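Single-structure report; data block below.
Chain IDs A, B, C and D follow the sequence of writing; residue 1 opens each chain.
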Amino acid sequence: MSASATLPLLILGSSLLPGLVIFFLPESKVRIRTALNLSGALLKLVFVGVMAWGVFNGTTYETRLPLIPDLEFVLHADALSLLFVTLSSVLWLVTTVYAIGYLEESPHRSRFFGFFSLCVTATVGVAMAGNLLTFLLFYELLTLVTYPLIVHRGTEVARLAGLTYLRYTIAGGALLMIGTVWLYTLCGTLEFTYGGFVREFASASTNRETLVVIFVLLTAGLGVKAALVPLHGWLPQAMVAPAPVSALLHAVAVVKAGAFGIVRVIYDVFGIEFAANLGVTLPLAILAAVTIVYASVRALFQDDLKRRLAFSTVSQISYITLGVATVGPIAAIGGIVHLVHQGLMKITLFFCAGNLAETLGIHKISEMDGVAHRMPWTMVAFTLGALGMVGVPPLAGFVSKWYLGIGAMAAGQEWIVAILVGSSVLNAAYFLPIIYTAWFKESKGTWPAEQPRGRAETRWTLLLPPLVTALLALGVGLLASAPFSPLDWAQLIAGREYGR
Amino acid sequence: MDAQNLTQWIFDTLTGLGLLCLAWMALASSQLIKAIVLFVAFGLLMALTWVRLDAVDIALAEVAIGAGLTGALLLAALAKLTAVQTATSKAAHRSPKDRAARKLYRMPAALLLLVAAGLAYSVLSLPLNSRGLSIEVGANLDASGVGNPVTAVLLNFRGYDTLLEIFVLFLALLGVWSLGSLPPHRIEPAGPVLNTLVVVLAPLLILLAAYFLWAGAHGPGGAFQAGATLGAAGVLLQLAGWKPGPGFARLPWKLILLAGPALFILFALFTLVTGQHLLEYAPERAGILILLLETGATFSIGLTLAALFFGERPDDAEGR
Amino acid sequence: MEVVITTFPWEVVLILAPLFGALSCFLWPKSARYLALSTVFVSVLSVVALAIRLITTGSYRHAIGGWRAPLGIELLADGLSLLMLGVTAVVGLAITVYSTGYFPNRQLLRFWPLWLLLLAALNALFLSGDLFNLYVALELTGLAAVALTALSGGRAALISAMRYLFATLLGSMSYLLGVVLIYHSFGSLDIMILAQRVVQSPVVWSAMGLMSAGLALKTALFPLHFWLPPAHASAPAPVSAALSALVVKASFYVLLRLWLEVFPPGQTAMLGELFGALGVAAIFWGGLQALRAGQLKLLIAYSTVMQVGYFFLAFPLAMAAAWCGVLYLLLSHALAKAAMFLAAGNIIYFSGHDRIVDFDRIANQLPMTLAAFALAGVSIMGLPPSGGFVAKWLMVEASLKSGQWWWAFALIIGSLAAAAYVFKVVGHAFTQTTVRGQTNAVPALMEWTALALALTSILLGLVASWPLAWLEIGGMFSCESAR
Amino acid sequence: MTTELLYALVGVGLFSLGLYALFVRANLLRKILAVNVMSSGVFLVLVALARRTGAVAPDPVPHAMVITGIVVAVSATAFALMLMLRIVQETGRAELPDTWSE
């Protein structure tokens, strides 16, 4: 097998094998486990780097293995998948470091890190899937391996949350499968191709209604993980999981897989023009807009910090959908780049929330008075992330929203701009108070459950990750126009999808 | 039609009706003992029917196994049933279930009539004469090594069926033995009359078995009939109050028990290593091989049937 | 060497070895365990050899006693039988290994000969090309299965064994009457000969009805499933595994053979629709009962009822993709279900009960067992990557292709129900409340066996192209040309 | 109607009768009898129809099949009877309870 065919497998293996090994490690072997985790994560970064360079120089990486008669297991790396792969492998490294610190002394860590690695493997698989079958395969795998992470705590609440999660995702998977098989019976292929494969294979023979139904099935199946209203119900409940899990779930793994899937379906399955003249993009855009507004409003009334962040995720993730559903290259750029930006900002926020909970036992916003004086660095990171979410220049969020807005104008859909403005106001309304409380209110002096204080405000393993991600979020905003910046990639992708 | 045909026809009709009536009475009678006796009678009438249908081999098998041994098994079971029921502390209260069930199954009854009608119709739609495989059998009878076509089919043409079927018998014994043992119970010892009868009858039966075994090659008879009569001898001995000791679960007896299946398997393995087809006998040797097989089968069948009549594993019976 | 493998009658070994093993286990109980293990090992090897022979030389027949059909009985080795023999060998090996640890000694002695006879019966059945011989094999299978069910000797076990016995006897009787009618109208018992001779007629109608009904009863197709859940739930775990994984499949295999080769196509359509409808009913009913079940083994048993429903969905579709899908389902279900029952056995062995709500901490105490259960569950609910997924894919594809989308709908609903009851168990296994009652350690071998089976059922999802290719040996249908 | 068909019909009758009794009777011994009657019915059909060979001797293959069948039947019966006795020992009744659970 040639190098270009093995590299995708190596990228999968770099998290798969450590995960499998870790399962069989006894709890006490902390060092080996940590070593395995970190080396796996670093190795993956290296491989991804190599692949990025290759793709930039026009090498095509593709792995094909037989799976079902006439249907292959295909991994390949185009610009879009590379964007997602890079994001997930970077954030996996950071989150691993964080998780190691976060879970110190807690039970069943082998199990936890095992599934953690599998979770990333599945995500990377989703990113590199070369046809809808392979995508479905990893998408379902993702469902299965995240379940143990959600019920990790083993409380009754966790069990029920896990059940809800499965109800949504398994049902979604079923819809996705029907859609996929149906599409296959019509087109005889499932290969992702620029501009979509449905157009040439199906448009002649089959009637449009069928295709619309299939589109609905697929987007509904993906919308569950992408938390499109009204399919978002599982997300806030999944908050019972340990902080690193929620961080990964919200920034990279589950939610992103859904959004990424929608992007794939619209661009590489149906093709944007074809989807547009099927007349399915506008309803999708409207649904996304509704989600954005509704979730922001819900977020306003949450006192529990993680729940507020959860609803914020629901709203922010729909920017991606909105971006691709707005037919037009510029909006597309905004949506695609938000895949990365939202990830960086949101993971920062969850890390910080985790720190507050872990060090001071703070879970509610009402308990945060003056916490910034107790944990300044954490709150700096938090503030950066929050402001980014609101869309304050020159932070990452601003860039996304800017392109979305311009794109909407260019596509002649001004109403979207109104949505953006409105949602930004709402974001401000639910983030700024937190920042205000944290920095300017008098602290009550005592914290719900304070851990013995070390030299730093908390363990460095907990402090470093949020700072790194916050800086990244700042960086991608500042250096947006630099080569290899997410924005640069997004432009490349949108260019290809719109055939320029 | 002429007189002979008429009488035949009357005879057939009466036999047929008799079979149906006996079966119905056996299944409907209120007391179990009566049911069993009627069932045995049914078996005997079946035997008569077999003779009428020119199936003497089956008639013998029916008398020996169908009516004889099954009857004995049933009676023994009934005796044990009452014994066990009294032995177990739990009260054996009758339930009105039969009646309830009958109500419940009115519908199926109607449906069943339909099924029966359909079956009858399809049977009637069969062609009035067909040779089946009789021609093929006749053509190859000389090569089979025996003169009796039924034995030829059983031991040669379709010997594989017989192999599996001997294992079914063995399996039944294993199953019965694996069910463990019943609580202690005693069946009424036979009276002096029976005892003397046994003394006379048992040897006779053994002789009869030997005859059947020998006759099977050319005329009616064969391993099953022989084995069954041998089994009957064993049953008689037990009726006379004789009990097999734990030794009967030990190797030598086990070997006799397995004589039939073991011989079959050995032959099969032999044909396998010599590169022939499974259970293939050279025509010149077929006769003797079949007789050998039948002898083994006779012993195992007889012993197995006797053991089945006794019920639990001899050493278990001791062990309690 | 090559020549030996491609000419030696391995199918005969597959029948004789277990029979011989059963006899020797009965004669020398002291060394029964090793005799049994070696027997099973031999049969695994001969299946491999048979596979090589079939792949190189194609399907073939073995005239027993040198008498060709119609006078004699011919063994029939093709892709379909190879598939069934293979799964029997694999599952059989696993169960044999597992049983050495599971049973108390006294039961173990009684288990071996019965178990080997069951294996022999199954092999004989999957190889037989003769209707009456199939009847004898069916009886052997049924009696062995019942005897094994009653092995533990508890009240529930005995009662359910009795019910099972009546069901299986009734099934064989009905089948036999069908055989009688077929024989007397076409003058042969050999499947291949009948394939040419059978033509539509009232006799064939009733024969088809009788045989199908009898076999459906033995396969526990709703509403004839009443005997299955109690039997599979109250038998010892390894036996339950064998019953669900292999015995149920045996009668279904016979039905499939008759359907594909004997029954005239014109006549099967209506019955096919009926089978499909009953299959759907089975899926819903089985799923519902499995969800309501409070005990693990009962849950798994009802899951079998449901999966049997899946099998019968192929009849109305009656196209290559559907047959391949169903056969692949047989394969993966056998492995997965066996793994599930063995896992359940571990849990019972460990905690002395199988009440699902009290499974706290199983995830920590028996991680490998739970992993086995969950992985098998993935295959049962047909999620990728697993054999179950491939099967589901093929069947859904077939039903959408033929425009009969409602069967696909039933399939999907079924897999959702399956997910629900599998995760009901898994969820309770993760909870952390303190464990009541004393526990005893499970031998590692038992845990590994269950896990190995489960992994195999997952692996089937990744190597689907080979088994599906072997299935085509003998050319009953082609999975490639399915589309 | 010929002898063969007459007896074949009787066989069908016995089969149906046994089937009915198997459903309706609760007592296990009766159920076992019913199964035996059923099998006798099947055998009767098998042998009766084997006599349609006209003048020459009947087709021997069905005869062999029936002898095999009889042995299978007696094996099943013996096993069923022992199973029944064990159930009686456990429950005190020769009947199957409606619910199977402990």
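As a working rule, a residue touches a chain if its C-beta (ideal position, glycine included) is under 8 Å from a C-beta of that chain, and two chains touch if they have at least 3 such contacts.
Just so you know, these numbers come straight off a predicted model, no measurement behind them.
For the pairs B-D and A-C, the larger set of C-beta contacts lies at B-D. Chain centres computed from CA atoms place B at the largest separation from chain A.
Centre-to-centre separation between chain A and chain B, using Cα means, comes to 73 Å.
Centre to centre, using the average C-alpha position, chain B and chain D are separated by 12 Å.
Chain centres here are Cα averages; for chain A and chain C they lie 43 Å apart.
Note: centroid distance chain A to chain D, computed from Cα atoms, is 68 Å. Among the residues of chain A, none is found touching two or more other chains.
In chain B, the residues touching two or more other chains are 119, 123, 126-127, 130-133, 137, 157-158, 161, 165, 168, 171-172, 175, 179-180. Residue positions 15, 19, 45, 49-50, 52, 62, 65, 68, 72, 75-76, 79, 83-84, 86, 91 of chain D are each in touch with at least two other chains. Applying the touch definition to every pair of chains gives A-C, B-C, B-D, C-D.
Per the touch definition, chain C reaches chain B in the complex via residues 9, 12-13, 16, 19-20, 22-23, 26-27, 62-67, 70-73, 75, 110, 113-114, 117, 120-121, 124, 132-133, 136-137, 139-140, 143-144, 146-147, 150-151, 153, 177, 181, 183-185, 187-188, 201-203, 205-207, 209-210. Within the complex formed with chain A, the chain C residues making contact are 363-364, 367, 378, 381, 383-385, 390, 392-394, 396-397, 400-401, 408, 412, 415-416, 419, 423, 426-428, 430-432, 462, 464-465, 468, 479-480, 482-483.
The part of chain D that touches chain B in the complex is made up of residues 2-3, 5-10, 12-21, 23-27, 29-30, 32-34, 36-37, 40, 43-45, 47-54, 56-68, 70-79, 81-86, 88-89, 91-95. Remark: chain B residues 8-9, 12-13, 16, 19-20, 23-24, 26-28, 32, 35-36, 39, 42-43, 46, 49-50, 52-55, 57-58, 61-62, 65-66, 69-70, 73-74, 77-78, 80-81, 84-85, 87-93, 95, 97-98, 101-102, 105, 108-109, 112-113, 115-116, 119-120, 123-124, 126-134, 137, 149-150, 152-154, 157-158, 161-162, 165, 168-169, 171-172, 175-176, 179-180, 182-183, 222, 224, 301, 305, 308-309, 311-312 touch chain D in the complex.
Contact residues of chain D toward chain C in the complex are 15, 19, 22, 28, 31, 35, 38-39, 42, 45-46, 49-50, 52, 62, 65, 68-69, 72, 75-76, 79-80, 83-84, 86-87, 90-91, 96-97, 100-102.
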